[in-house]
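Pasting the structures in now, so scroll down.
The same subunit A turns up in both complexes below, where it pairs with subunit B and then with subunit C.
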Partner chain A sequence: MSYEVMVGNKATAVGCKLARIKVAAVFPITPQTTITEYLSEIHASGELPGFEFINAEGELSSQVIVQAAEAVGARSFTCTSGPGLLYMHHPMQETASKRLPLVMAVVHRGVKSMQPDHSDLMSQQWQGWLHIYVENAQEILDTTVMAYKIAEDKRIRLPVAVGYDGYVLSYTAEPVEIPAQEDVDAFLPPYKPMPSILPDQVDPKTFGAGWGEGDPMKPWQMHHEAALNGETVIKEVFAEWGKKFGRTYGNGMIEPYRVEGADCVITAMGTIAGTAMAAIDRLWTDGKKVGLVKIRSFLPFPRKDFQEIAKGVGAIGVFDRSCQPGMWGPVYHQMRSTLYDEEKKTPVIGFIGGLSGKEVRVEDMMKIGEKTLKVAEGGKPEAPIQWV
Partner chain B sequence: MSASQRMTRAQVPMEEMILAPGSTCQGCGAAMAARLTFKVLGSNLIRHGIPCCPDQVTKHPRVGAVFEGGGASLTGTARGLKAIGREDVKAVAFFGDGGTYDIGLQGLSAAAERNENILVITKDNEAYMNTGGQRSGGTPKYAETTTNPVGPNSRGKGEPKKNIPMIFAAHYVPYIATASVAFPEDLMQKVKYAKDIIGFRLILIQAPCPVGWRFDPAKTIELARAGVQSGMWPLYEIENGTAFKLNYKPKELKPVSEYLKPQSRFRHMTETEVNEVQTNVTTNWQRLLKADEMKTVVL
Partner chain C sequence: MHGRGGQGAVTASRIIATAAYEEGKYSQAIPMYGTERRGAPLTAYVRIDKVRVRERELVHNPNYSLCFDPLIGLQQAVANDLKPGGKVLLNAPYAPEKSELAGDIEIATVDATSIALETLGRPITNTALLGAFSKATGVVSLESIEKAIKKYFPGRLGDMNIAAVRKSYEKVSPWVPAKNKVAPKIQVDLNVGGYGTLKDVSSWRVFYPEVNEEKCIGCKSCWIFCPEAALEWKANNKPAMIDRACKGCGVCANECPVKAIEMKRVAGA
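And then the complex of A and B:
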């Protein structure tokens, strides 16, 4: 174990090295670029034996390269931001449909500006990946390693995207604890492809063919069930990490903050959660009992956790850092759908903010808390969804 | 390749790697290309497919990729195999002209520029045959396709076929060859030679398509032979982007009309248009002879 002050993008590269990735294919795009440079340094230094580093000619190819490398049994990695992720859209569906446990860092950059919001990863909801949003450099490093364990679990076998806010996190230096390699090796066993494509293996399999005979909807059903298994597997993997390395992030799916005894809760994802924590502390000082739930896993959505939380609070204020024009925020919709069948009706109000990098201050999050509290106390919201 | 590297008929493997019965049309040139190619390559490979016609052609485990992802998919397989210590397994493509000339060009160009250790077999049937015969960058001038119908405003395709071997030669890759199903020994020798070269290799095989080109499916070999003998489809090799060798040099070329006439995709052509094609082929042939004599690429 050692410590180093490093930026978020370096934490990703160090996490990849600890996970002993074998192949990385990358293409530079702000604010993800420095990950590609750190990885190229790891390759050039020879400190990760057998590591194949590929400068692809675009994001579409970087996604396809690591997809094929995963298929032959090499643990692989790629990373991108905003428009680069949109360019990957086509092969991303295949990575998931081939059930390949790739891990990709998505350094958030909005689709309407170069500044961060979650519109890049949120636009890929239908691609069949698991989506985890993280808040700080330590969490990036830890989650990168854990993401491989989650993705490669035989109940999942799906690619995992680890999202974190560009600029504010990708380029911000923080002290990070680097776990010892032998401890990570004990936590994360080598990747075994399932099934094997190698021609000299028993019954080698083809990747990317049609389903053939039988119910053509079966692969969809299996894919959906695997994604839902994420809720169990993510919790298991994060619990094991906590036991081994002494760091926990709630239960892996969510990270509650001062929820106990709170009259209402607000939610946040990524770096905004840090801002929200400061707001929550001030609200409690003012005697306003507002809790925070940081959503770590958006896909699968922490349905069971929120159904439980909703039982004890008067309202939930959902913060969305993306907007689907004409349909509002995706987290808001998930939350309402999650709670729709519950016996106790808990009001859910939506807030959209931080789009295209618009600053979200502690005061903004306090206001969201106060507005949610008012609804919990029986007041009517000014509007079901409000722009912050 | 030198004379000592040539393959004799006795060395042609007996084992068939092709799926039989296959799903291809009668007289499919691409199916013949697959049969000859994969006989030589054997079983220790992962075949790569992208949308093309025909695709499900051999028994090998296959990686399918998005249409534009052929070059990247081969790269990932080759690098992944290297990373897990299984470089004995070859990454081999069986792509069409669309996936090589058009939508797949960017990724293949990048793989060539990085000199990835991959073998690309392109069967060139000169149009998007998988979707019913639409124009591609590989379609020759005057050919009628379903998106180049002949009419008062159209004489079929208006532009010449993209010179893809020379585009890849300009990437300075170890080996590029053209081949024809009508010259099976030449084709198989080239595949055998390319098999063990380290780096990017491209073999472009002309694959007559009776349905798309509209000719009698019994005449596939005759037509392919006429293509080579008329200079419409010359057989040559380029090593390291410069060293050039013309593999088939008849004393005299047959007229291009022998190649054009049996194909209904060219039936609208006037005598003037046929003469124009003849002039272009003759000029190109002189250039190829000069390149062969100088042993270097002449553009």
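And then the complex of A and C:
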């Protein structure tokens, strides 16, 4: 194990190297660009034998190139940001439908601004990938390696997107522990391509081809079930990582912070969760028992975890760093749907903030905590969803 | 940390974060990017703590403010919002008593531009302020800064930068309480972001181009290559600087085939 003070984007590249990726096809876009630079340096140095680095002419191509590489059995990687991700929209669906275990870093960049929010990755919810949001550089490195293990699990066989905020994390330097290569090798075995796992294919050697005489809905059901399996597999993989490397991120799906004994909880994703932790500490100092649940996996959504947490708290305040105009925040809707059938009705209030890179400060998260606490104590929220 | 694109403020923030980690502390270095370009004012932030730093808002009330640019250091913005008794370290060719910065603060100065020109041959002032930072604040040791610099600049470049660090360690002034206590009402906003040649960037210059019209052959190379369209063409077929638009980058002097343009240091910069 070694240490280095590195930026978030370098942590991604180092994670890829530890995972011994075979192919990276990338097209640069701010704030993702430096990942492609670090990867090209790794390629030029020759320190990762058998690693091919491909300069794609756009994101549509980069996604298709790694799709083909994965299909022939090469562990592959790509990365992008904001508009680049939107340009990838079409082939992303193919990667998932072909059940290829690709890992992609999405360095968040808003769609109305170059500054970060989660509108880029949130807009890809229907593409059939798993979506994990991470908070700091260490978590990026660890999650990049773990994402391959999750994606390549037989019960999943789906691409995984690892999302983190541009600028404030992609370019921020922090101390990062780099695990030893042999330990990572023991954790993550080489990628073995599987023969088709889809039923009723015309020819089992083809990918994404026709479905023969079978039920055309069957692949959808299998895809859906595989995504739901994420809840189990993510927890297993993160538990194994914790045992091996001594670093844990809650149970992998969520990372609770001072939830025990709390009267209410707020939720946050990505870098905002780190800032929220500082806010939670201050709230407890003031005698306000507010906990934080950092949501790591948005897709699949940690349904079981929140159904359990809701039993013990008076209200949940959900922070969304994206807004679907006319439909509010996606995390808010998932939370309400998750708790709808529960016997105990736990109020869920929504907060939308940090859009187009607007800074979210410790005081902002404290206010969210206080407003949620008021609702937990029986008060009425000013509005079901509020702009921060 | 206040500086300009090209002075290495972001690298300096990472060197401090690395040096702190060398000493067993956790750290975080956040750069604030806008539409960056050489010469544009920028800020970077460093947090140092005993435990892993998890909050990620910018640092709004710092203990220390470092300014890498002598002209930015004239602006009150670099001394605003410090914690009471906060300290401002300026790259300035004058004693701290002369600074007009106001507040419940202490000021120290070091002529980092001269040190950088002597040791590196270029006005890249980041490392030429870091030695002063170590000596004046004791936040990180000189040894840790040198170790960190070797990670960022291997080989000869590292040695040159370490020479700059050592010189600034020796030359930094003592801390002096600010003579002015109340900040001026009218202040210059440091955030001159965005594109466009209509913006006044004259305050960015550490150097300005001086044209020797006798040597000039009127080839217009300077005029073509100027990235800011900051040269006007006069009736006598010679170039002249547009004061508002020139940021002092020196591309014109570099492109001139007959060396008719010389970059002169702005007085006080």
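In the analysis below, the second predicted complex is superposed on the first by the 379 of 388 C-alpha atoms of A that agree within 3 Å, B and C clash if a C-alpha of one lies under 4 Å from a C-alpha of the other, contacts with A are read in each partner's own complex, and residues count from 1 in each chain.
What we mean here is this: a residue touches a chain if its C-beta (ideal position, glycine included) is under 8 Å from a C-beta of that chain, and two chains touch if they have at least 3 such contacts.
Every value quoted in this text rests on a predicted model; they were computed, and no experiment measured them.
Participant: Can A:Ala25 be said to touch subunit B (first), subunit C (second), both, or neither?
Facilitator: A:Ala25: touches subunit B, not subunit C.
Participant: Under the stated touch criterion, name the partner, subunit B or subunit C, that contacts more residues in subunit A.
Facilitator: After superposition, B is the partner touching more of subunit A.
Participant: Output check: A:Ser61 vs subunit B and subunit C. Expected answer is one of first, second, both, neither. What do you get?
Facilitator: Only subunit B; A:Ser61 stays clear of subunit C.
Participant: Applying the touch criterion given at the start, work out whether A:Gly73 contacts subunit B, subunit C, both or neither, answering first, second, both or neither.
Facilitator: first
Participant: In the superposed arrangement, which partner chain does A:Val5 touch: subunit B (first), subunit C (second), both, or neither?
Facilitator: second
Participant: Examine A:Gly274 and indicate which partner it touches, taking first as subunit B and second as subunit C; both and neither are also allowed.
Facilitator: second
Participant: Have a look at where A:Tyr167 lands relative to subunit B and subunit C in the superposition and call it first, second, both or neither.
Facilitator: second
Participant: For A:Gly50, decide between first (touching subunit B), second (touching subunit C), both and neither.
Facilitator: A:Gly50 sits against subunit B, while subunit C stays out of touch.
Participant: Can you list the subunit A residues touching subunit C in their complex?
Facilitator: 3, 5, 7, 135-136, 138, 167-169, 171-175, 271-272, 274-275, 277-278, 359-362
Participant: Of all residues in subunit B, which touch subunit A in the complex?
Facilitator: 43-46, 49, 56, 60-66, 68-69, 71-77, 79-86, 89, 106-107, 109-110, 113-114
Participant: Sort out for me which residues of subunit A touch subunit B in the complex.
Facilitator: 22-23, 25, 50-52, 54-58, 60-74, 76, 90-91, 94, 197-200, 204-209
Participant: For the complex, which residues does subunit C have touching subunit A?
Facilitator: These residues of subunit C touch subunit A: 13-14, 17-18, 21, 26-31, 33, 52-58, 60, 148.
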